[in-house]
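See the structures that follow.
Across the two complexes that follow, subunit A remains constant while its partner is subunit B and subsequently subunit C.
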Partner chain A sequence: MNKEKKGPISNELFTLLVFVILFLSVLAAFSMLNRNFFSVRNMLNILKHVSVIAIAALGLTFVIAVGHADISFYMTSCFSAMLMSWLIARGLSPLLCIAAGIAGGLVWGAFSGFVVGRYKLPDKISTIAIGSIAFGMAYLFSDGAFIYTNFTSSGITDLNNARLFGIPVPVLIMAALYLAAYVVMERSKYGRQFYSVGYNKKAAFFSGIGVDRVIVVAFVVCSAMAAVSTMITSAAQGNGNVKSGLTLLMPCFSAVYIGFAVFKKPSVIGTFLGAVFTAMIQNGFTLMSVPFYYSDMVVSGLLILAILFSRFELSSQLARRPKQQKEGR
Partner chain B sequence: MTIRDGTAKKKVFPLFRPELAMIWVILGVCVVFAGMSRVFLQPSNIMEILRQCSTMAILVLGVTWVISLNEIDNAFPDIAACASMLTALFIRNGIVFELAALYAILLSTLFGALTSVLVIRFQFPSLIATIAVSGLAKALASAIGKGIPIPVPSTAGSVIYSIVWGKVFGIPVLFLVAVALYTVSYFIQEKTRFGQYVYAIGENSQAVQESGIKRKRVMAIVFIVAAMFAAIGGVLMMGVLQSGQPKMGTSFFLDGFTVVFLGAVVFKMGKANVAGTLLGAILLGILTNGLTLLGASYFMSQIIKGSLLIFGVSVVTMSKNKQRGKAGVLTYE
Partner chain C sequence: MSEYRLEMKGIVKEFLSMRALDNADFRLKEGEVHALLGINGAGKSTMIKVLSGVYQKDSGKIFIDGRELEIGNPADAIKAGISTVYQDPQVVPSFTGYENIYLGAENNKKTFFSALNRKAMREKAKKLLEEFPLDVDIDKPVYLLSAIEREIIAVLRALSKRSNILILDEPTSILTEKERQILFDLVRLLKSKGVSIIYITHHLDEVSEICDAMTIFRNGQTVASLPVEKGKVETEQIAELMLGKKLTALYPPKAEEPGTEVLFEARDLNLGGKFEHISFAAKRGEIYGIFGLVGSGIDEISKVLYGAMYKSSGELLAHGRRLALRSTAQALKNGIFLVPGDRKAEGQIGDMPITMNLTIAKMQRIVNRLGLVRRRKENALSEEMVQKLSIATPSIQKKVGELSGGNQQKTVIGKGLFTEADIYIFTEPTVGVDVGAKSGIYEIMRELSKTAAVIIISSDCEEVFGMADRAQVIYKGKCTFESETRLTTLHQMLVHAVSFEAPAGRAV
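Presenting the complex of A and B:
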C-alpha cells in the first residue's frame, strides 16, 4: 500500500531515500550524544578515516563487480606498507617508496588474478593462501618489529598530514581515485566489461571480452588500492607496523555491500556511501570512547542489516511483479 | 568406484594410487625432519604432535562439510575464540567446569544458527554471512574480557583437564577423542543419507532441491555443526592454554583452511572429507612441530602453510577439471 502511494518513485530511488534517512538519523544521534562530533576538526578526522576505508573498498568493488571475492587484499597491503617503511628506513625518497609499495600491491594482485582468472582456482581459498604468504613475507623486512627509522625526517608523514587548499592529502587522493574509477566503471566501454563478466562469464566470453584479463585487472586494482590505503595508515601512525592493514577486512566488505544494497549492484558511488557510513559510525563510537570491539560489533551488524535490507527489497519486488523479474538482478 | 576419464586405467599398485599420495607426503616430511633433528622421532615428541594436532582437527571437523557443500565458513576461528572466552567467564563466575563448557558450546553454536538463517532464509552469499558473523563473534569475545584474556584457575581434576592432558597407554586422550569423533563423522559421511546429500548439494544444489530432498535443512545442520565443533575446539584450546583468549582466532584461520584443503587431496580426489581432514591436521601438526624444532621463524611457517594451501587447492581444481572434460571449439572454463 505504501509503495503504491509513491507511484513515480522507482525502487532504486526509494532505497536511496531510505539510506539517506538512515544516514541522517545516525548523524543526528551522534551529534546529540557528542558535542564535538560536528566540529571542523572531527569532520576532517572523519574524512581521513573515510579515505582510508574508501580507497581500499574501491579496489574491492572491482573484484566484487567481476563476481569474485578477494580475501587477500588486507594481508597483501601489510606487505606493501612494510616494503615502503623498509625503503624509507634505507633513506630513499618518499615518492619512490610509495611507488615501490604500490608495485608490491600490483605483484600480489597479479598473482591472485592469474591464479583465479587464468587458472580458475576457487577465489576465496586461493586468495586466503596468497594473502597469508604475503603476510608472512611482510615479516621479512623487520621480523615483525615496528619500523620507525627516518619516518619523521623523510617527509613520508606528509602523505597523511600535508594539506592542499586546506584539504588533507588522503582526501584528495581518495577524490581523484573515485573520480577516475567512476569514469572508468560507469562512463567507459572498458568499465562495462567488469559488470559484464560479473553477470555472466560465458556470455561475456562469447561476446568477445577477454574474461581472464578482466579478472586479473580487477584483482590488480584491488591489491594496489589496498596498498595505497595501508600506506596512508602507516604514514598517519608514523611507523611501519606489520599488522596495520589487518583492520581493513570488515569495513571494506561492509562498505561494498552497503553500496550493493543501495544500488543493487557493486558500484563506485555505492561503495563511497558505504565507506562514509561505516567510517562515520566507527568515528562516532570512538568519540564516545566506546571500546573498539563494540564498534566492530556494530559494523558487522550493519553488514548483516544492509544485505537483509536488499533481500527484503528484492523479495517484495518478486511478490509484486513475478513476471518482469527476469532482467533485474 | 572408478572414474572414467576416457583413457584406459592403468593398473597401479594400490599403495601408490594418487588418492593416497598424502600418506607418502607425510612419511617423506617425517623422514626429512628426522634427518635434521634428533628430537623429532622420540616417542614423547610424536605424542606431543598428536596432542597438538587434535585440537585443530576437532576445530575444523565441521568446516570440512561446509567446504564439501561448496560454501565457505570464515567464522570458525572467532567462534572458537568466543567459546573459550565464554567458558573462562562462566568458570570465573563460579560455574562448574563441565557445565561452563557445555553452556559455552551451546551459546557459541547459536552463531552457526545465525549463519544458517542468513545463508538459507535470506540467501546471503556464505562468504559475506560468515564474515559478518565472525565479526560479531570476535567482538563478543573481546567484549567479554574487555579486550584482554581471562585466566582460569587450575583445572586439575576436571574432565576437561583429563581430556586435554591425560594419557592412556602413552597415547594422549585428546587424540583418542579426536579419532573417536572422526570415526563417528566418517560413518555419518559415508553410510548415511545425510552424508550423501552433503556431497550431492556440493555437486548441484538445484538438482538436489528438485529431487525433493530437504536441501535447506541439510545445509542448516551443516552450518550449525560447523559452529558446534569450532566451539568444542575452542573450549579444548582454553583447557590447553589455561585461559580464554579473545584473539586466538587469527592463528586458526589459515591453519584450518590448509588442513581442510590438504585433506581434500586424499581419499576422495578433490572433495573435502573427514578422513582426509584428520590426515591434513596430522601433517600440519608435524610441519609446525618440525619447523619449531628447526627454529624456523613465523614468516617461514606462514609462507610454507600458504604454499601448501595453494598446492592443495590447485590439485583439487585440476582433478575436477580432468573429470569434467572438454567439448566444443570455443570453451570457457
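Presenting the complex of A and C:
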C-alpha cells in the first residue's frame, strides 16, 4: 500500500499516452518500410481484418470481465462457420444460415458457461475440451473438405463484400456490436453485474447477483461473437473451411489484454484499441511478405507484455527509482 | 554524543490522505528496553516500518546518536544499525544455524564462483557466540530447533550486522512460558551489552517484567512516554491511554421499550451437521443477538437466513409470510440484507468505487426503463449515503479497497441501507475495524433498529452483550441460552458458549 503519487499526469493518461506513442511509431515504421501501407486499398483491408479480430475479441472481453478465460471460442466458431456453409450448400437463404451459425455459437457458449459457471469446473481446461469437441464436430459436415457449393450464387459473400454508404458490411457490423457492447458494459446495470462478478464473485453473490447466470451469459456472448467473426471470414474466403477460425486465438487474447493494460480493466474501448493494434501489425507483416509465423511470434509476445502491464501501474514503476532518494524529506 | 541512541521527531506518514502517523515522537536510550504499546491501528507498526525503511516518512526527522539520518530503504536502516526480528523468525529450515546467521552475507568477495567458505562462516558465528553467550546449537539444521532457538538465530543474524538497535515484534506470541523466560534472559543480556531494544507487545505483564520505559500510541500520535517501575504497571491507566475512551461508552444505549412488531422469524431451522433447532423472532425497534464462538455454526446460520445456503428444514418468516429462500436475490426482494462476516471476500468489491458498491444490491433504484444507469442520480444518492454514514473519503469515486477497515464496513452497510431493507443481519460487524469506527458502526446499527429489525451475529461476546436487547447463545450448533441481555451477565453468556453444562435459562 503506497501513497498515491500526485504527479502532473494521472496513471491512466500516462498509460494511454504510452500506447498512443507505441501505436504511432509502429504505424510510422510500417509506412516507411512499405509504400502500399497507407494506400486506400490497404486501409480498407486493415479495417476488414480489424473487424474480424475485433468482433471475436469483443466477445472474449465479456468472459475476461467476469474473471474467466475461454479457450473454446476460436474452435466453436469453426463449427458455426461450417454449419452455415453446409446450410448454404443445402440452398437455404443466407440470413437463415447466418442465424443458424450464431445459434450454434450460442449453444456451445451455453455449454461452456454451464460447465464453468454452474458446475464450477476449471475454465481453461474445460473450454479446451469443449472447443475440441466443437472442432471435431465441424469436420462432420463435409469430412473436413472445403464447401464451395452455392457460395457465390447464394449471396453469402455479401456479408464480406457488400457496402452500405461506401462502408464495408463487416465494419458496420463491428461498429454496431461495439456500440451496443459499450452501452451494456459501461452504462447499464448488466455491465455492473459482469464487472462485479469479475472483481469479486462472492461479494457479487451476497449483493443478490445471480453469479452463475452472469457467467453463462458471458460465455454465450463470447461464442456468438466468435461465430459472427468466423462466418465473415468464410464469406471473405468464398468457402467453408474447417480451419478458418483457428487464427483467432492469439490476436483476440492480445487485443483484450492490450486494452486491459491500457485501461486497467477489460473494456470495450480497450479491446477495440487492442484489436486495431494487433490487426495493424499482422497486416504490416503480411505486406512485407514476412512468413506468418513471425507475426504470430510478435502478437504472442505482445500478449505477454500486455498481461505484464495489465498488472502494474506503468508510470509509478518508472517513477519509483529516481524518486526514492528525494522522498525522505 | 546525544543522550539518546535514537530520536524520532514529528513523524508523519499518510496513506491516501489518511494519517497513519500524525506527529509521532519516539526516543530510545542506549541499553534501554522500550515497550511500544497501542491497539491495532494505533500506528506502532507504521512507526516501526518507517524506522526500518519499509515505508518512507512524509515528514519528520530521525536522529541516530544525535546525527540526522535519512532512511530511504531497508538497507539504509541496517547500515545505521537497526534490525528487526519479526513474530515468525524468517529462517531457512534446512540450513544450519550459522548458515542462517550469515544468510545473504555469505560472501565478501562478490564473484559468483568464489567458494562458499563454511569454515570461516562457522568461526565467525562462534566468535559472535563468545561475545553474546547464548544457548543455541549453530551446527544443527534450523528445522530441528525450537521456536525460541530460531528466534535466537534471528537475533544473532541481526547482531552479526553490528546492530545496536533491535526491534522485537511481538516476540513472545509463539513461545511457551518456559521459552518466554529464555527470551527475557536474552533481552537482559543484550541490554547489558548496550544494545537498545524496541519491544512491541500486547502483554502488560511483559512490560513490567523486562522493559525500562514505554511509549503509548493512539490514532497515530504519541499519547504518553513513561518510565516503567519494575513490577508495577498501572493497567487501568494504560488501557485508558490506549483506548482513549471508556469501554462502556462504546455501545449506544439500548432500546427503552421492547420491540413491537415481529418482522423476521426463524422456526426450528436445521442445517445438516452445522446447526439444529434454531428459533428466534426479531422485532422492529430492537436488536436481536446471536453469540457463538468461531465454528459454533453462527456463520452458517447467518447465511441460511439470507438464502446464501439452503436450509434443510425449518421455517423462515418475513413480515408474517413464509419464505422459501433459494437465492440472495430473493432475500433482498423480501427486504432482508446480510452484512457478511468476511468483509474483504464477501462484503465489498474492493476494485470498484464506493458509488458502485453502494448501489449494486439494488440497481433498480438508479436505472431507467432501458436498464441504463442514471449517473447523476446514482452520484447524488451515493453522496447522501456517504454523508449519512460519515464514510471518510475524499471522493465517492475512490475504490473501496483503498479505504480503512471501518470505512469499508460502513460502505457495506451503506449498500444494505440503499436496498431499503427492513431486516438487517450483521455478521461480525466490527472485525478489523478500529475503535473509533467501531462505535460509529454501533450507532448506525442502533439508529437502524428504530425502524427495522436488526440481528447481530458475532463471536465477540462483549459486542453481542453490549448491542443486543435480547440474545441467544450457540454452542456446537445448538441454542444453549436465551435471555434479555439486561437480565444476564457477560460471564453467563460466555459460559453457555463453551459448554452444555450450565442450566438453560429462558427468560424471555
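Assume the second predicted complex is superposed on the first by the 301 of 329 C-alpha atoms of A that agree within 3 Å, B and C clash if a C-alpha of one lies under 4 Å from a C-alpha of the other, contacts with A are read in each partner's own complex, and residues count from 1 in each chain.
Following the convention adopted for this analysis, a contact is a pair of C-beta atoms (placed from the backbone, for glycine too) under 8 Å apart; a residue touches a chain by one contact, two chains touch by 3 or more.
Given the structure is predicted, the values throughout are model-derived calculations rather than measurements.
Trainee: Go through the superposed model and pick first if A:185 touches only subunit B, second if only subunit C, both, or neither.
Mentor: Neither subunit B nor subunit C is touched by A:185.
Trainee: Does subunit B (first) or subunit C (second) touch A:126, or do both, or does neither?
Mentor: In the superposed model, A:126 contacts subunit B only, not subunit C.
Trainee: Let me test your reading of the model: by the given contact rule, A:206 touches which partner, first (subunit B), second (subunit C), both or neither?
Mentor: Both partners.
Trainee: Between subunit B (first) and subunit C (second), which does A:195 come into contact with in this model arrangement: first, second, both, or neither?
Mentor: In the superposed model, A:195 contacts subunit C only, not subunit B.
Trainee: In the overlay, work out which of subunit B or subunit C sits against more residues of subunit A.
Mentor: It is B that touches the greater number of subunit A residues.
Trainee: Quick check on the output: what are the common subunit A residues between the subunit B footprint and the subunit C footprint?
Mentor: 202, 205-206.
Trainee: Spell out the residues on subunit C that touch subunit A in their complex, using ranges where they run on.
Mentor: Counting only subunit C, the residues touching subunit A are 14-16, 56-59, 70-73, 306, 308, 327-329, 331-332, 338, 340, 342, 345-352, 356, 360-363, 366-367, 370-373, 415.
Trainee: Could you please specify the touching residues of subunit A with respect to subunit B in the complex?
Mentor: 69, 71, 115, 119-122, 124-126, 128-133, 135-140, 143-144, 201-202, 205-206, 211, 249-250, 253-254, 257, 291-294, 296-297, 299-301, 303-304, 307-308, 311
Trainee: Which residues of subunit A touch subunit C in their complex?
Mentor: Per the touch definition, subunit A meets subunit C at residues 1, 3-4, 183, 187-190, 192, 195-196, 199-200, 202-210, 265, 324-325, 327-329.
Trainee: Quick one: which bits of subunit B touch subunit A in the complex? Just the residue numbers, please.
Mentor: For subunit B paired with subunit A, touching residues are 72, 74, 118, 122-125, 127-129, 131-136, 138-140, 142-143, 146-147, 253-254, 257-258, 261, 297-303, 305-307, 309-310, 313-314, 317, 321, 330, 332-333.
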